[in-house]
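You will see chain A twice below: alongside chain B first, and alongside chain C after that.
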Partner chain A sequence: MAWARNVLRVNLTEGTCKNEPLNMDWAQKYLGQRGLATKYLVEETDPKVDPLSPDNKMIMTTGPLTGTCASTAGRYSVVTKGALTGAIACSNSGGFFGNEMKNAGYDMIIFEGRAPEPVYLLVENENARLIDASEYWGKSVWDTEEGIKAKHQDPLIRVASIGVAGEKGVKFACVVNDMHRAAGRSGVGTVMGSKNLKAVAIRGTLGVSVEDVGAFMQATADGKQTLADNPVTGQGLPAFGTQVLMNVINEVGALPTRNHRDVQFDGAKNISAEAMAEPRADGKPNLVTNAACFGCTIACGRISTVERTHYTVAERPQYQIASGGLEYEAAWALGAATGVDDLDALTFANFICNEQGIDPISFGATVGAAMELYEEGAIGDEQTGGLEVRFGSAEALTQLAEQCGQGEGFGAEVGLGSKLLCEKYGKPELSMSVKGQEFPAYDSRGIQGMGLAYATANRGACHLRAYTVSSEILGVPEKTDPHVTEGKAGLVKAFQDATSAVDSTGLCVFTTFAWSLDDIAPQVNAACEGDWTAERLLEVGERIWNLERQYNTAAGFTGKDDTLPARLLKDAAKTGPAEGLTNGLDKMLPEYYEVRGWTADGVPSNETVERLAL
Partner chain B sequence: MRVNVKLYALLSDYLPAGAEDNQVALDLDEGTTPEDVFARFNLPRQYCSIVLVNGIYVEPSERGSHRLSENDTLAVWPPVAGG
Partner chain C sequence: MQKSLHIDPDKCTGCLQCELACSHVNEGVFNPAKSRIKVFNFHDQGRMVPYTCTQCDEAWCMQACPVDAITLDAETGAKVVSDALCVGCKVCTIACPFGTVNYNASTGKVIKCDLCGGDPECAKACPTAAITYVDANWTGLDRMRQWAAKTDAGAQAEA
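The block that comes next holds the complex of A and B.
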């Protein structure tokens, strides 16, 4: 129960769609979504495969709770070998697509091979077929989604697609569903583009069954009450969204600014949640309303507008709309990382990221790197086509968003990601990334635990693998000192394992601001056969983390890749409460390997592999 | 002594009229604590979750005893999160 027990295997080379039973032995060990799809990828592909080769596979995957009435139970993930990183990639998205996929009767869809011509997959419950997508190739996510719904005369079809960026091989292209929700990181959209797969369109009406209906209704009702009663999930997130962090993180001196040259941004107040709520010249604020994904009782999403006289939209009514964003990570990357504090320019750039399917974190951070390359003279007008790519230039930001979205001009070079871009121009040290993936919005000189979290994140630098910010800054579940390294190895491991489990349920990780695994376990236990306790979920999470690590090891990553750019290890923070601090990764990493049960080289020991039954 | 007070998110409603960028500069008596400032603005205590003095977190148990100093910045948020 809860699992649909059904996998749709789509061979794009052959043009076939076949159903097969879900491996329930694996489901009991890896639960679903992130964990279970990773197990399939590990078993079915060579970790050394070129991410853009037909031999790489891309798996869209739901969790056992996806599509149920549990709060936030609309999540799905895209699991593959990442185009940006060459590491395991698992990008998680909300919206409504995941629910539709589960209600069509599928736990996962495995895409293999490469279509000879662009196609999209249409799934109507048990009927799945590949359809010529030539009319949508070259079109944006927004046009593709609207076009497919119109073509099939069904506005309730849910669509996940790539934009032009994914077709053109932008390394951090994402898969966007429901117009502005994205499986955003690591270049999963690039992999989808390499398969000539433009979109997946699903209409599902089969429903989702659970093991014990009465217990499930009680457990999910209890969970919703906990979310409603918690001041963060009941009040803070719906009112201000994730963007409320902008001023917090700036105040604690951990807001990476201008490609991590600085840790505080003078313009932070102008791009914050508070600024989004301020009336502009037209009397209306940037923020229109909050929004919820399928089944969510938190509703942290932001829906906003660009002021109609702003240079980006004044002559372009198609962008005079209310659409998704800004969320904190995007606002940081498009703003502080580039030194741009024009809220409307950021909102517009974010629209373009959604429209053309590019990850705003990697895009903004790479623009920040490009700005430093430009200011250092490593690149000039010859490379940028005359565009002055200077810190603080809203014009540069928005033009590059449009170029990158189309895979054109200097935007195509930005689309390489910061690692390849900086290497190309002889300044590899200016790439603020781990394993090729750009940092998100927390500077690890001011939040020490995040340095270890980034260095060891299996998909490259990421805040969603171990969000120690929650403890180090926000005090959830308990406050720790962000400036010390002591205790952070255990903290990072605990967050990594718990998050791996949550990401495998079908639930949103934001529930964990109010829920612990003790709140989640009764919901999983009531829905799924087998005895699911918090302890078992944590063990599953640890198993998943180690499986991902084994994949990366087999792909060629070593402990030497568990590091940070020299800027964070050697150049001390210049201002704020962390002034004088570098990240103490060297103090945390050996202890982390030890608590993980890994060798000194960062490889899971035989004992650990045996203990976790990997 | 001069102290800069910043109130964010829901707490911005408690700032005096005319406050800009969520902050106001106050002349306070020596020995003033964060708790004294909360009382001055009638801040509901359950909304005083993240309390920073010059960016450093002040534990709840110390908010009634931590003495603010000249040119300190006191910043306060209700329970918030992000990611």
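The block that comes next holds the complex of A and C.
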């Protein structure tokens, strides 16, 4: 119940698809999705493996609640060794693909090896087969998705695929499902491309059941009511989306601007949720509607258009459509990080990111780094092909999006990610990243806890591993001072452990603006075998966090990698409420290792490993 | 008083909670593939539209059924398929102009909305009131009220 208890193992080298039972002992210890797939990866691969070698594996994985009527229960994740980072990668996506996979009767699909020629996997319940994908290779996510549905004459098929970027080895390529939902970060799409796997197409009609239906309907109804009654999940997110944050984060002086040179962006209001709702020259706003992922009663998703006379789409009717619009992280990376405040240019660049399967966070942040390299003279027109890659240039942003999406021109160099790009041109200090992954949209000088969260995040810099912004800025579950380091070690650990558990259920982490583990536990408990309390979920979360850490340690990462770029540690914020502050990581990190039960070098101690039964 | 399902696509977010509720109450599992109500996503326009049986007065599915397996529930107005009588001939699926009667290969019977006996689960599950269950004689009441509210509002404010 809840778990399908079934794994599909696809060997791309051999061209075989085999079913096997899910390891239920591991499911009781790691729950599902992020935790359980990480356990499989740890057991089945060498952490030192080259992410792009056939010996790396890629796991698509659902949680036990995926496909049920619990609010937001449509999530799946892609777990592998990340191409961008060389660390454990787990990228979570919504849309409708996860539900379809579960309805086809699978908790996980494990991809091994490398196909000799491009293929896609077609799954119709128990029937799974690999099919020649040569007609889709070189095509975008959008064309691939539509093409597969048309070819099989089934509009109800759900597709997750890579674009040209993933084929060409862009380091931050993503896996995109349902046109614009993405397992976005760490280069999981690059790994998929390295396996010559273009797409996974699923049609599932078997249904998902739960252990105690009566208790489950009650627990999920209670949960939905809590989301509806909460001002963030009931009003703010449906009305404004995650973009509700743009002006808020700018005002608190934590909006990284122009490659983190500044912490406030004068153009923030032009790319905010409020701007998306303003009528344009054509009388219509950028925002068409909000939209939900599978089962989600919050519906924070944005569906937007580019103004039809805008230079990016005026001559190109295929982009004069409504599609997945700007979420906060993308708007920040494409906008504030590059100094561009042209909302239509950002919306267009975001369309291209979806169409060709590139992570808009790492892409935008790397363009920001390239702009600084250009302005400092480390790169010039020779490298950029004559394109003036200056801060604030919408033209540079949109052209680089198209080039990067195709893996060509200077866009191919942007596709290296900021770390390799800045190293290549002799300015490694200009890469705003941790473990090779670019920061998202919060400056850790203005929100101290996020510095520790970034430095210790197992997949490299990430806001979704410990979103202390919730506490430090929004006051959820309780307000802490964003400018102090005291207490942040414990706060970060608590967020990391809880989030690891939520990411393993099939639910969306955005529910945690309203739900604590006390709200989630009754839903998991009713759905799954075993006794699932909030305490047990937290313990599972801590176990998962330590398992990921052990993987990274075995992959060669040490405590020295738990750091931030010098810019954040030494150059103080110039304006705003955090003016004069740098990030106090050195004060937080030793305490963090201590509360984690790790050695002074950041390795889980024997006692901790034993306590968590790792 | 008879009631009707009333759908306002403007309010739909495309979450599929209606499909989950429908399949749960009718099939005992969460399975949008077996739902009697479907949400259509017109991606390029940013429109989501739920669609299901409107319970025609002169129900062509009912007229077409050769074994009288579809009957009128006089209390709710629903046209209801009897699984005991349905032979899976699919003539009703051809007769319905709206496509809202469909064949379920796993049972060999057809499935269509039966208004859940007068308490439709889809309407209860919809988080945005895009699907409501209202007086069948006044399905336009809300829209009338909206227009009424605008009528002569300026003149009254001046008075």
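By our rule, the second predicted complex is superposed on the first by the 614 of 614 C-alpha atoms of A that agree within 3 Å, B and C clash if a C-alpha of one lies under 4 Å from a C-alpha of the other, contacts with A are read in each partner's own complex, and residues count from 1 in each chain.
Convention: a contact is a pair of C-beta atoms (placed from the backbone, for glycine too) under 8 Å apart; a residue touches a chain by one contact, two chains touch by 3 or more.
Small disclaimer: the values here were computed from a predicted structure and weren't measured.
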item	value
Room on chain A for both chain B and chain C (clash or fit)	fit
Touching partner for A:Glu274 - first (chain B), second (chain C), both, neither	first
First, second, both or neither for A:Glu251, with chain B first and chain C second	first
Chain C, chain A and chain B - angle at the middle CA centre, rounded to the nearest 10 degrees	80
Partner chain(s) touched by A:Thr599 [first = chain B, second = chain C, both, neither]	neither
Contacts of A:Val232 with chain B and chain C, given as first, second, both or neither	first
After superposition on chain A, the shortest CA separation from chain B to chain C (Å)	18
For the chain A and chain B complex, residues of the former touching the latter	230-233, 235-237, 239-245, 247-248, 251-253, 269, 273-274, 328-329, 463-464, 467, 469-470, 473-476, 479, 509-510, 513, 576-577
Residues of chain C defined as touching chain A within the complex	13-17, 20-21, 23-24, 27-34, 43-48, 106, 125, 127-128
Of all residues in chain B, those that touch chain A in their complex	6, 8-10, 12, 21-22, 46-47, 49-50, 52, 54-57, 59, 73, 75, 77-83
In the complex, chain A residues that touch chain C	67-69, 96, 99, 103, 156, 179, 204-210, 213, 217, 224, 228, 238, 288-297, 299, 303-305, 321-323
